[in-house]
Amino acid sequence: MAGIGVLGTLWLTSSCSPPPPSEPVKIGALFSVTGPASFLGAPEEKTVQMRIEQINAAGGINGRKLQLVVKDTAGSPEKAVSFAKQLIEEEKVLAILGPSTSGETMAIKDLCEQNQMLLVSCAAAETIVNPVARYVFKVPQKDSQAATWIYRTMKEKGISNIAIVSSTDGFGAAGKKQLEDLAPAEGITIVANEVYDKQATDLTDVLTKIKGNPKVQAVVNWSIVPAQSIVAKNMKQLGMDMPLFQSHGFGNRKYVQQAGAAAEGILFPASRLLVVEDLPANHPQKEVLATYKKDYESRFKEDVSTFGGHAYDALLVVVEALKKAGEPEREKVRDALETLTGVVGTAGIFNFSPTDHTGLDLTAFEMLTVKDGQFVAYKQ
Amino acid sequence: MALLEVTDVRRAFGGLAAVDGVSFTVKPGQIKGIIGPNGAGKTTLFNLISGLLKPDAGRITFRGRSITGLKPYEIAGAGLSRTFQNPSLFLQMNVLENVMVGRHCRTRWGFLGCGLRWPGQAREERAIREAARAQLDVVGLAHLAGWSAGALPFGQRRMVELARALATEPAMLLLDEPASGLNTREKEDLGRLIRQIRDRGITVLLVEHDMSVVMGLSDDLLVLYNGRPIAEGAPAAVQNDPRVIRVYLGEDLQNDESGGDAPPRAPATPPATCCSR
Amino acid sequence: MPRLRLLFLLALFPVMVAGAQLGLRAAGMEYCLTQLTMSVYYALVVMGLCLLMGYAGQVSLGHGAFFALGGYTTAVLTTHDFSGIRACAGVGVLERAGLLVAQQDLYGQAGLSVAPWAAFAAAMLLTFVVALLIGYPALRLRGHYLAMATLGFTLIVSKLLLGSALTGSADGIHGVPEWKLLPGLTVSGRSALRVQNYYLACGLALLLLLGLRNLLRSRVGRALLAIHDRETAANAMGINTAAYKLKVFVLSALLAALAGVFFTHYTGGIAPSEAGALKSVRYVALAAAGGMANLWGVTVMSIALNYCSLRGWFGSYDNAVFGALLILIISLAPEGPLKPLGLWLRRLAGRPDPERRTPHGAP
Amino acid sequence: MQNESLALQYLLSGITKGSIYAVVAIGFNLIYSATGIINFAQGEFLMLGGMVAVTLAAYVPLPVAVTGAVALVALVGGLLELAFFRRLRRHSILHLVIITMGLSIVIQETALHIWDEKVRSLPYFTGNEVSSVRFLGAAISPQVLWVLGTVALAVLGLHFFLRYTLTGRAMRACSSNPEAAMLAGINIPNMRTLAFGLSAALGALAGCVVSPMTMTHYEMGAPLAIKGFAAAILGGLGNPMAAVAGGLLVGLLEAASVSCLPAVYNDVSAFVILLLVIFVRPQGLWGALAPDRVREH
Amino acid sequence: MLLQVRNLSCGYGSLEVVHGASLHVCHGEIVGLLGANGAGKSSLLKAIIGLLPPWAGEVFIDRRPTTGQPPWRSVSNSTVLVPEGKMIFADMTVRENLIIGGYHNPDRIRHLETVLDGFPRLRERLQQVAGTLSGGEQQMLALGRALMARPRLLLLDEPSMGLAPLMVKEVFTSIRKMKDLGLTVLLIEQNANAALRIADRAYVMETGEIVLEGPAADLAHNPEVKRAYLGKG
């Protein structure tokens, strides 16, 4: 039995040599196109498909075409594991983009590390890059950075006692943890902390509980749709006029439309993709953002979202690393990726290092607010 | 000493008493019949004795021990086995397996032993198989052992059900309308078989509609009407009991007052004699 | 004859299992064994459900939760760092007994966790107790109420898993260590151990299949079938129907938990999606697709369908395919698509169909 | 905020949720009474109602869109019965229930591919996202009043229909005693189709009125179906008014749970109580126990 | 001839309980169908109305073939079966029960009064829930409900079963009244003497076959009838 195992390993490793130049470079992708996280996965998949076509139409990278192998995980980690193994062992892709959620990413983090597979996650959770795994990167801003932005804005506004509401999914849980961890250092006291079901249809009861707490000066909601809009609406309906902060998951104009008038005045940290029109012409991200937004919106007839932007960035850093490495050999690409600097993406400007596999700093965020149904930069 | 003693049993469904104040005894080695028109409460009485229903009042003792309110499987374990009005064979099994189910209360291996096929369990399984075959032999269906129960014609299903009941090694057998749906020859075979069972020392209590069967077979008869016993005694006596004739043929109880349009009366019946046996 | 057939089956399945492996190896597609192994573990759940639904006639929408119960118990115990309690009395004893082992993860983090064997035992024990607690009252209920009770149980479990930090909330638990089952036999997802784990899963499934087959061909199996068919008559024949229903419920829950434990060690983690209601419905669907009261059919169908799903054959239509298949199979061939196939094989082998046989002299 | 108005706010929140569960539970009941089937696809009718209405609302005025959606989904419900349950009469109830689970999945996936994964909603019927009505110190959205009003009207309408119209009485007769109903000349299969259509229409209506508040997306049906099923069982199957009570009870239980436990456990406490109730009273709180008779077959 | 049955066979599962029975009922007759329990009388009636699929044979109502049509169709053929065992809608009121009986009768509200005239007891209990009626009243209700459809042919299955003697009398009086109203009746009855008193003709069934047929008055004296019920003396 052991002999068979050894043979299998030998046979596997022997077939891992780089393909001849004419062959396309395979890029794997795991996105939750359907299922409960489809609001992340669907725009991600569309973005990557579009970008790969664009790159190939422009002649590929270093003379090689890119070939995308995308798998729909439907948001379940066990499928992510199965598909990741397929991408690693059968497709022998150069790198894996995604998965969309932190739960799925964490399920395959060790797997990729063990198999020396380059993984560029589109999920935000801190634990993906902390502790640093040699082969695992992520492109969305860190939750901690978003939390820091929120807390700093609060301090500017003179707020110190807050309530946190978050959803039971991975996004909500990770954000809640960062908010809790950072609060003491930023001088914020959490006086109420509630978690609700991500499929909740009405949150009046949860908010009533918070309304009943006289100490609360502001509410932070960390969740995804539809709860993001429901919280905003229910708060306004309950007559709670304290500031509402949302997470960087609020990054889709659709959600503002869903919340309608209730969205007015919501504060949230987000990348500049949402306010590209407001950016000064000389802003380094302006061109990238404007092009992506135009391409995506004209092709898919829907608003661009920051989630699609994450997939854009994931592909971007892999492509840049590939260009830098020159040949599609994973080890070289990884080394190149780890030392990439100054890459302009949708989320910000990426500067990777062996200790920082996110590559973004606090400047990747900007505090936004909603004014007349539009996202605008928040200015004190 | 009575084998089965039913004392003042009552059972109502939504205010309507299906069985009310019924008392009788069955002696060891007897074949006792229960008759009565539709809705008389015979099947309810059977269900009360075999534990499928709990009596609202009254007492049932079997072999000197109270079985009132026991679960059906406990009663079967105590040595009282039954058949049903519509033969309720297990249709997903073959004939032999159906009879083997009857051995359940006389065998003991559980989940673990059966799953692991412990040597003792395998031996027991063989014994179950042989005992079941023997019972199929008794009802004369040994040649059908491998057939699917659902494929049998009605009459043979009855026989398999009987064999299954016999496989529980009962001291007493309750047969619910064993002859219904049988043709004349099958009825004769059934009668012979029931007598044969009695001769092996198993007491029989049966509900039956077919008078020719029940009259010829029973040592003793109990007649129910609207949930109450109206006559008890030897077949010949019961047959000529005016009350029995009245409930069966429906001679109007008020015909004395009903005036001129009364039909001609049935021929006068001789007085009931309870000792004509 | 039955002995011959048993020998035939006993030989057939190892041959199929080994044939699949060798065939895939020859085709250079040995990596497919990964998904096959996962599918085999899922099939264990469906085998238990087959026993419960097909043979004893009880519906359970709670088997996803039992799978998760097993998986999560072992995952929590083997990954949670107990070194904080090292100072407590008795911990040393546990350590010396091999119940607690020091571990180090991929990133150099050291910790003291429960040994997989002990975690396995704890998972089975916990499942046993929970299944008893749920089954005892639930099995007195009939039909839709039992479905509701088990569905309610599933929802409670999944919400608790989502809500508590101990179980990693929405992310679930990852980094579950390998399980050194026997010297030279390790439950692990490492590709070097792929073939070994494939045979391990298949061997486990085969053993359980044989055990269940023995069980179903004994007085216990007949009692279960009898309960399903005509509960009243079964009871009147001396079968303690309530006790049997409870026992088979617990047994099938244990099978699901067993699958959960092995699966968790194999994939290295578990997440709340395993406990969702949809997953439980999926198990019911798989049992139905295999014909419910057909142990072999259910196992084969479940392995085949899960395999396709885990390899992503259905893409974004995965759930849709399952739903459609469920509708099609139940409406067209409620006894499972393998039944007609089985009859055809039988006829090919010159054996009469058991259904069609009618005794001589019948009209 | 005073305690009384806080309590009132919880109460209102519970009633709002509860009334939605109640409508789903009534849908379960209608189909169960007519056919004995638990229709696990019940929640999908709400989702379809919302989806169709949102789509139509882009072209026609809101009332027309809602009416159109209700009619269309009723048609879908009736067609499902015709296509599956009428033709599969020989299947066991268990098989039919499993088919409804399959239908639920297929309808969801079809909706995902017809529309997409995005969340949509109808505009508020009156006012907008921030308007609220003050009521004894508690605040509620005008849409809540729409929901309560619509649910109340639907329940009353259904009550009137079942009690005072010939067709409604015939429907009750079918569930009371199918054989006798056939002998009275009632075409039972058509009644079943009608029950499916009606149940779908009710679901679609509920799906439309809740859409502005809870929003509509392809996965919204299943959780509501589960809660509605729980409500139907809690109240007692086979009694539409008990379903209303059961729905409100589940909603209030959730609100009460939120007021004293972490919000994440509101479902857990609701289901724990549900399990306790059915373990003690398997027939539900207001359901009648099936007559205690020994039935063969 | 209002009803004609030719060589009808039917049964349950694999058991044939009626073996090729033939009978006919003319306009305005009351015909009795007698026999012991389990002789197949109820099954024959169910096969005529369509509740049981006939295995062989033919049924004509008013010379039109109706073999094997669904039971709800028969009401529009003016034929109504009153099943045995008081099959009423127990959780609906008496009035609702009667209205349902007139499901196909557009004139049902007016006809309700006519029917209630025949059953004064029901008029008293019009708003009562039917399940709370006594056994006899339930039987009355079942009869009344059948009449609501304005049938021409009424098939009655054991209307006297389980009733107290006084009630039996009342039920039979009602049946005779129906004849006076121009109804044709096929009556199953175990209570042979009572049935023979109101019937014009009668059939006697034994083990699924019709063994005797004749005018009621003749059969009342025939010792074979007793034998069919109580077995050989």
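Per-chain residue numbering starts at 1, and chain names A, B, C, D and E are given in the order in which the chains are listed.
We take it that a contact is a pair of C-beta atoms (placed from the backbone, for glycine too) under 8 Å apart; a residue touches a chain by one contact, two chains touch by 3 or more.
Because the structure is predicted, anything quoted here is derived from the model rather than measured.
Hopping across touching chains, the smallest step count from chain B to chain E is 1. Farthest chain from chain B (centres taken as the mean of C-alpha atoms): A. Compared with chain C, the chain whose C-alpha mean position is the greatest distance off is E. For the interfaces D-E and A-D, the C-beta contact count is higher for A-D. The centroid of the Cα atoms in chain C and the matching centroid in chain E are 56 Å apart. One inter-chain figure worth recording: chain A and chain B are separated by 75 Å, centre to centre, where each centre is the mean of the chain's CA atoms. Rounded to a whole number, the gap between the C-alpha centres of chain C and chain D is 34 angstrom.
Chain B and chain C have Cα centroids separated by 44 Å. Counting only residues that touch two or more partner chains, chain C has 159, 162-163, 230, 232, 319. Each of residues 34, 168, 195, 197 in chain A touches at least two other chains. Across the assembly, chain D contributes residues 109, 262, 264, 267, 294, 296 that each touch 2 or more other chains. Across the complex, chain B meets chain C through its residues 50-52, 71-73, 75-77, 81-82, 84, 88, 90-94, 97, 100-107, 109-111, 114-117, 121, 124-125, 128, 143-144, 146-148, 150-153, 156, 164-165, 168.
Residues of chain D that touch chain C in their complex: 32, 38, 84, 87-88, 91-95, 97-99, 101-106, 108-110, 113, 222, 226, 229-230, 233, 237, 262, 264-265, 267-268, 271-272, 274-275, 278-279, 282, 294-296. Across the complex, chain D is touched by residues 34, 36, 38-39, 42, 165, 168, 194-197, 199, 201-202, 204-206, 208-209, 211-212, 214, 225-226, 229-230, 232-234, 236-239, 254-255, 258-264, 302 of chain A. Contact residues of chain C toward chain A in the complex are 25, 29-31, 34-35, 38, 106-109, 159, 162-163, 169-172, 174-175, 184, 189-196, 199, 263, 267-274, 309-312, 315-316, 318-319. Across the interface of their complex, chain B is touched by residues 211-212, 214-215, 218-223, 225-226, 228-230, 232-241, 247, 251, 293, 354-359, 362-363 of chain C.
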